[in-house]
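One chain, chain A, appears in both complexes that follow, with chain B as partner in the first and chain C in the second.
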Partner chain A sequence: MRKLFGPLVVVAAVMFAYAPVMIAQAPFESTMGLVQKIFYFHAPSGMIMLLSAFVCGVASAIYLWRRNPAADHIAMAAAELTALFGLIVIVTGPLWARKAWGIWWDWDPRLTMSFVGWLISVSYLFVRKYGGPGSDKLGAALAVFGAANVPFVYVSVNVWRTLHPKTSVVPKLPPLLRGPFWFSFFAILVLYLLLLAARVHLERQRATLDELYLAEEES
Partner chain B sequence: MIARLFVALLALQPPAGQSEFVPVKDLPPTESIPAAPLLVAAYAFIWVAVLFYLWSIWRRLNKVEADMRALGSKTRSPR
Partner chain C sequence: MFVRTALLVLRKDVAIEVKSREILYTTLLFAVSCVLVFAIAFVKEGEPLVDAAAGILWIAIEFAGTLALGRTFERERYSETLRALLLAPASRAAIYVGKMLGIVLLLAVAEALLVPLVAVLFHAPLFAQAALLAALLAAGTIGFAAVGTLFAAMLVRARTRDVMLPILLYPMTVPIMIGGVRGTTALLQSPADLPMAVMWIGLLGAIDIVFITLALWTFEPVMTE
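Our next item is the complex of A and B:
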């Protein structure tokens, strides 16, 4: 990942410079008009939030099972990124909803479950920061619940009656809307991988520093 | 049958002309909310959040590396 980091930064910079051009050139949606263009970063951020919660849960399960510190570092980094992308989804969604639905928020299944998913990631971070000894295992258990919530968030729009558009919207996108959407998705995915790598590196450095302090105390 | 035909014909009629104006305080949401500020606010928030997070990683990494350097020089210096 270290060798790929530089080229990926360049790829991300180019993609984020070009994404606004593609979004601006995309046609307006017939019923929502201009405000629907929030979709190009809102939906991919939601997908990355779910991916990150899943990564965090799997890494936490591995940590609980094998006590592998590398898995814990990945879980910690993924939890922070779940909170970041979750916050983006929770803020941009109401800005879109205000115009499209006439309300900022509705406690419908998709919105409520996304909010719960975000709260689990924030809870994980609080547990890890203030939980004291044993918080790594407690946090890991929380993250497994966070990952278990992911499929429910995904299917919620198809199973229950909700104001939120269904998952079928994405595969059925017309070609002129599909291009900017997937371009934005891959730009955000590259950004996610870069942030994950940087955050894992930070966690590894912290672990090394703790080991150095322990060695210093023992000598 | 005649009643059904009457209802169907009635449905084809243009709506009756407005006989009075009814004032309302608030416009319907479709007319009162401009989309552009919401769109700009959404994208501005995304960029601010991502840049703030990048800055926070950079700051935390600098602090850890400074601590490592300080600890390294402390262990190297004679006691």
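Our next item is the complex of A and C:
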């Protein structure tokens, strides 16, 4: 990853610079018009948030049962990025919903899921920061439970909401909008991988520093 | 052996509680105060809002349960008995189950008080489908206690445990609360929507199984040291 880091930064920069051009050239969606453009940013962020939460859950499970410090570093980095991309999702979502649905927020399954998932990722970060001794394992258990909880939240919110049906706009992408969308997705994916690698590196160095401090105190 | 250890832990907690009654009384009074506060928000011109009763019942249970969880482990921490408990040559999972049963028992007592109270104060026919409501309450309480006991035990050493417990517990118990509230609402409708209530009981049962299994797995690696 270290060798690839520099070139990937360049790739990400170029992709992010070109993405607005592609998005601007894409045709307007017939009913939503300009506001639909936020999708190129919003939906990929949501997908990355899910991916990141998954990475965090798996890494936490490995850490909990295998005691592999590297897994803990990845879990920590992924949790932070879940919170970051989650924040992007729940800020850009209402901006779009206000125009498309006429309301800022709707307790639709996906919205509720993102909200709950974001809360769990933030509570993970709180645990790691203020949890005191043993907070690494506490956080790992929280992440494992959070991952196991996902299907239940989905089913329960789905049934709860279908009791009060409401029309929702399901975006089906026409071919001309598909190109810019996947381009944006991969731009954000590369950015995510870069951030994850950088954060894992930082976490590893922090752990090494802690060990050195402890060794210094003991000697 | 497993069952015996779990029951011993439960018996110990019950014995302490029967002597002091501290956690039981504070939890009950807290639950009643919750109901009072909700009454202020959800009663309009003497009549409660539609569907308010189910929400009030479950939120009161969740709040009171959080308080009870915190207090139970606070007592273990004060007297440094949690360490003794973990040092005992017994399976960690059994200790966890014993602790969890204690919380379930405590919440069952709280629910025995809360259900008639909510039924009377909010004109809710909660006893019309008593068996299904009992099943719903049991499934929801066990799920809540399963996560709650694990998190409360893990947070014992944290300085910020008072505030961390609800922060961790509430997002995690979202499906349990939805299931409980929606299932109770289905029972309160006239006529009662029985298939819907049974569906929620089933979902809560599935959550219980997954949460307890995960907690039994995680309790051991988390509580070492």
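Throughout what follows, the second predicted complex is superposed on the first by the 195 of 219 C-alpha atoms of A that agree within 3 Å, B and C clash if a C-alpha of one lies under 4 Å from a C-alpha of the other, contacts with A are read in each partner's own complex, and residues count from 1 in each chain.
Please note the rule applied: contacts are C-beta pairs under 8 Å (C-beta built on N, C-alpha and C of every residue); 3 or more make two chains touch, one makes a residue touch a chain.
Just so it is clear, the structure is predicted and the values come from calculations on it, not from any experiment.
**Student:** If you stack the two complexes on chain A, which partner ends up touching A:L193: first (chain B), second (chain C), both, or neither?
**Tutor:** After superposing on A, A:L193 lies clear of both chain B and chain C.
**Student:** Touching A:V155 in the superposition: chain B (first), chain C (second), both, neither?
**Tutor:** Second partner only, chain C.
**Student:** Just checking: does A:H201 make contact with chain B only, chain C only, both, or neither of them? Give me first, second, both or neither.
**Tutor:** After superposing on A, A:H201 lies in contact with chain B but is clear of chain C.
**Student:** Answer with first, second, both or neither: which of chain B and chain C does A:F41 touch in the superposed model?
**Tutor:** first
**Student:** Figure out whether A:L84 sits in contact with chain B (first) or chain C (second), or with both, or with neither.
**Tutor:** first
**Student:** Applying the touch criterion given at the start, work out whether A:L51 contacts chain B, chain C, both or neither, answering first, second, both or neither.
**Tutor:** So A:L51 meets neither chain B nor chain C here.
**Student:** Touch check for A:L212: first (chain B), second (chain C), both, or neither?
**Tutor:** In the superposition, A:L212 touches chain B alone.
**Student:** For the complex, give me every residue of chain A touching chain C.
**Tutor:** 64-65, 67, 112, 116, 119-120, 123, 126-127, 130-135, 137-138, 140-142, 144-146, 148-149, 152-153, 155-157, 159-160, 163
**Student:** Okay, in this complex, where on chain B does chain A touch?
**Tutor:** Residues in contact with chain A: 29-30, 33, 35-36, 38-39, 41-43, 45-46, 49-50, 53-54, 57, 60-61, 64-65, 67-68, 71-72, 74-75.
**Student:** Give every residue of chain A touching chain B within the complex, in rising order.
**Tutor:** Those residues of chain A that touch chain B are 20, 33-35, 37-38, 41-42, 45, 84, 87-88, 91-92, 95-96, 98-99, 102, 191, 195, 198-199, 201-202, 205-206, 208-209, 212-213, 216, 219.
**Student:** For a test of understanding, state which residues of chain C touch chain A in their complex under the given definition.
**Tutor:** Going by the criterion above, the answer is residues 147, 150-151, 154-155, 157-160, 164, 167-168, 171-172, 174-175, 178-179, 182, 199-200, 203, 206-207, 210-211, 214, 218, 221-222, 225.
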